Amino acid sequence: MTADTVVSKPVQETAEIFSVQKIGEYVQFTVVAPGIAAGFQPGHFVAVAVGGDNTSMLLRRAFALYGATPTGQFAGTIQFVVAEHGPGTRWLTQRSVGETLDVVGPLGTSFPLPSGPSPAVLVGGGYGSAPLIPLARELVAAGSPVEILLGAATGSRLFGELVAKRTVGAVTVTTDDGSAGVRGRVADVLPDAIERIGAEVVYACGPMPMLRAVSEVARAHAIQAQVAVEEAMACGIGVCMTCVLPVRGDDGRSRFVRSCVDGPVFAADRVRWEDVGTLPADVMGADAMGGH
Amino acid sequence: MDGVRPMVDMTTQLATLTLPNPVLTASGCAAAGRELHQFFDVAALGAVVTKSIMMRPRSGRATPRMAETPSGMLNSIGLQGPGIDAFIDTDLAWLAEHGARTVVSIAGGHTDEYVELARRLNGHPAVSMLEVNISCPNVESRGQVFACDAIASSRVIGAVRRAADPSLPVFAKLSPDVTDITLIARACADAGADGFSLINTLLGMVIDTDTMAPALGGGTGGLSGPAIRPVAVRCVWQVRRALPHLPILGMGGIRSGLDALQFVLAGASAVSVGTAVFGDPSAPVRVLAELEQALDDRGFAALADAVGYAHRRPADRLVPEAAEVAAG
Amino acid sequence: MDGVRPMVDMTTQLATLTLPNPVLTASGCAAAGRELHQFFDVAALGAVVTKSIMMRPRSGRATPRMAETPSGMLNSIGLQGPGIDAFIDTDLAWLAEHGARTVVSIAGGHTDEYVELARRLNGHPAVSMLEVNISCPNVESRGQVFACDAIASSRVIGAVRRAADPSLPVFAKLSPDVTDITLIARACADAGADGFSLINTLLGMVIDTDTMAPALGGGTGGLSGPAIRPVAVRCVWQVRRALPHLPILGMGGIRSGLDALQFVLAGASAVSVGTAVFGDPSAPVRVLAELEQALDDRGFAALADAVGYAHRRPADRLVPEAAEVAAG
Amino acid sequence: MTADTVVSKPVQETAEIFSVQKIGEYVQFTVVAPGIAAGFQPGHFVAVAVGGDNTSMLLRRAFALYGATPTGQFAGTIQFVVAEHGPGTRWLTQRSVGETLDVVGPLGTSFPLPSGPSPAVLVGGGYGSAPLIPLARELVAAGSPVEILLGAATGSRLFGELVAKRTVGAVTVTTDDGSAGVRGRVADVLPDAIERIGAEVVYACGPMPMLRAVSEVARAHAIQAQVAVEEAMACGIGVCMTCVLPVRGDDGRSRFVRSCVDGPVFAADRVRWEDVGTLPADVMGADAMGGH
């Protein structure tokens, strides 16, 4: 794990929607955004304005990039996958081909790639598998053996099973309700996968409890895990400080760091999972918090 | 609107400080300029207003730190920051290097902290002005916010004014959460404030109906964005009327040039664009271009002529272009 | 949400008054019920809150009287109304005839006017409660708004409480435009208020960028609608915390059952739906149905169990259904 | 002028858009709203919600009804004409067939009809001619001789010239810039028209200055004018008191009356045109306005 993460250089683009595809409970967008496509690395995300003119929703919504085609028959395109959650994502899922979206990206840090071939397990929860697919392609291209584990609450919330199989062959699926694949949590099948291929690194994206479980399994196997977190973000570009979580630095001290520019990808062993959403007394500057 | 680039004199005056144009960032909504510089040249703004800095590094509050609300948002950051020394070494240095005029916002838990911050900033070439964020709990007064008390406000402003380089304007940033904002403004003016930044956020709260508890880690938070714009315009209007000789930096929900124009007409000599940046990272430069166009459309040769224009009596107005309400 | 009609006990208690459900109209946003009765049966509401009435007929202010703002609106009506006698003869009579429980909002320019209004309403069978709108300029104090001064507020409330029929709850309707709303609430409580209506509008202003003058005939106006909801929820929270034994009628930007639920969880025993009626004339009955459904979904058997729930410490909560943040 | 105005009984309907037609600078909507169509009388208006879900625009927009077809091949439809003015009307003009609008109506008072045949001149300014067309039809059906005068700032802002001609034959057009018809103001050609047909009543709809001019011409000819005014409205249903103007009552006293339920149609000689937008000292209750 010597290669560095690629910090993005974001641009803002008015992106025409090239295709909208319903996939299970998700909607997959392909939009024309050559500037964003040019800078894309797996792990980067975009921030999309929602609601149109005169909307009451001021803030952009963040989506991990599922892929980018910097050039081709058309100007560069990017892809992302939207799960309907609240009013902003509902508005998005109602868009049609030919309309435009206001998109800022690529944002955040990318998954750091191993400097040479190195066996890896990729763990995706729900739509969290989206950014792992382009990552898998890069790893495979670099000669790394790769296994992918996909989990979801139920079958319709799985994303990317087919393309994952096309990319790496070895794919395991879990669902909480047993409606597809193995019944259970995706982290439960992680130890076997690690051992099966002698993984040297785990990559993961999904809900926080899943990332925490993945982190623990990786630690137990004494290997690195790189995880992409999901914190509520007001700006997505590093200016507002809403998206922080407690992370240990190289100096051993913990800081509240911005998940939009210092993340979303973090080394899992640096994240203080048990303290997310609290103000740990030993976080840098916590001692100065007297009352406000 | 004949497609010709407007030619309006956009320079503005904030006390002794002359800025090439009246559009600034808002404290806490632009960090220290570096991230926004990816989207536009920060030296093209009137100035960058930096996030309120305190003496020591601060962690800020627990998350969640924000909640979106109708045409607004709540934040509860808790002034996370690196402390004044790191700020000077890295942030101010970067701003100086990139030719950005800088308004440094300072915050404190007691008067001495404000004073010490002002001292540290004295003589730094990148600093054009001080904005004193007095929407902070006064640790010596059981956490009452300075800006909610005329005496506490005037004490801080007076002390900062005395400690700061006399060539630096000192602006008091006031809270709208008071019974009469002109009383606080007057107390600050008497203490030597060179002008006012109006307004800081309104205290608000959202209950998360899933967890059935307050949505923010801090419980309450500050409400910003277009939702509060009518309150902000009213505050600018009132303070301008009460203290017409002191300049105002107006803010609160500005998203377009016409929004900015409302503040200017109400009495602001310059404006800060805050929350709008989160939705549109290049909002400040867009607002600047739109404001210039809007002034040109209305026949103003200079921004300065529009400042406070809405206070004029009908007889003192330009002949307005007849507003066509409907065809006919 | 299994399609079965929810069965939640929606009765609520506002001091001595029991209402079959907690959704009311807001003063000034429903006239005296007659027009809304074209859209739904006004007797189906918890109560109708009538537009603030004064002793004499009032013309109200010059137009324009409103300006739309982001997720809100400004109004400057100036309490146009027929005066108490005509109100009793026509409006109250109509409400009585249609079986609507009625909260009469009274307004005055001095304490005696409030007292006289309360006296006139004594014994009228249609009147269930008095809401005292103290967001009125006190003519005896150079126009300072009663609600912005604890002494003036308590004087009015005390006098009304003494003059009114002891069986009628007297609620003080407070303004958010104060430094500390709990101080005003406490003063009113000490004077005998039986509860609080929270909140009245925020003072705001819009400048019309075409005429370059204030958009409203009255200059400033009252800001209402979803834009102010976070401020309203915060006020309800603060007053509930300060005076947990007194009931609150919450309002400010309520448009849906979940909005209403925020107020209930923050401490309101009932809610008023105001500005939302302008966009959706049947909003109050819709909000009622949605609130009942929302309470049912969260496992509440009775509205009363949800009142103030967000104040509970984690240990005292129901086990919340695990909030599924994302699939996985 | 003995017959009374018909005060509407409004309903709220989710109205599918049946057609959207661009006509000059206007957009004409036909929407399916049987309940509103059933109650329609010329002069009534509708209030339409704008901006869609999560909009920042809370208030409905008012539009005079251009017509209604209570029954027919489809459920009852109504028609109205929209001029793009600000964000709300812009949103409306971007709607397409098949989408739905949330419409409340019919609202307000209708034009009072003469009890028997009686010569009438109808004066429309811009889109103000829309409600006059169904009125003209009723008058013609009742045997009244009718002339229509249409005015606008410029030719593209005229509305209804063709249908007016089909309905009554005698139509005069004016534009401020002379781009169509007679150059000048529509009120300028009113005296001739009144004299030509010996009009006993004038009906008018359009901007306030035009209505005021019409009112003066009618007074000079000692005949009635019935005019539909346009005041900013927050609720449209009579509960908010934003839409008032000073009107003289039968008792000679002036009151601020609501133009949404007591209007929009008023006898022109009752409206105190010169005092609109002020607080005349003799308006009922003005004496009680001490400071707020």
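By letter and in written order, the chains are A, B, C and D; residue numbering begins at 1 in each of them.
By our rule, a contact is a pair of C-beta atoms (placed from the backbone, for glycine too) under 8 Å apart; a residue touches a chain by one contact, two chains touch by 3 or more.
This structure is a prediction, so every number in the text was calculated from the model and none was measured.
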item	value
Least step count from subunit A to subunit D, where 1 means the two chains touch	1
Comparison of A-B and A-C (more C-beta pairs in contact)	A-B
Chain centre separation (subunit B, subunit D; CA means) in Å	45
Length of the line joining the C-alpha centres of subunit C and subunit D, rounded to whole Å	35
For subunit D, residues contacting two or more additional chains	56-57
Residue list for subunit B, restricted to those that touch at least two other chains	70-72, 225-226
Overall pattern in which the protein chains touch one another (line/ring/star/complete/other)	complete
Subunit D - residues contacting subunit A, complex	51-57, 87, 90-91
Contacting residues of subunit C [partner subunit D, same complex]	28-31, 35-36, 38-39, 51, 54, 56-66, 68, 70-73, 75, 77-81, 83, 109, 136-137, 139, 143, 217, 225-226, 275-282
Residue ranges of subunit A touching subunit B (in the complex, touch as defined)	9-12, 49, 56-60, 102, 104, 231-232, 234-245, 255-256, 261, 276-279, 283-292
Subunit C - residues contacting subunit A, complex	70-71, 226, 324-328
Contact set on subunit A toward subunit C in their complex	25, 56, 83, 85, 125-128, 151-154, 157, 186, 206-208, 210, 230
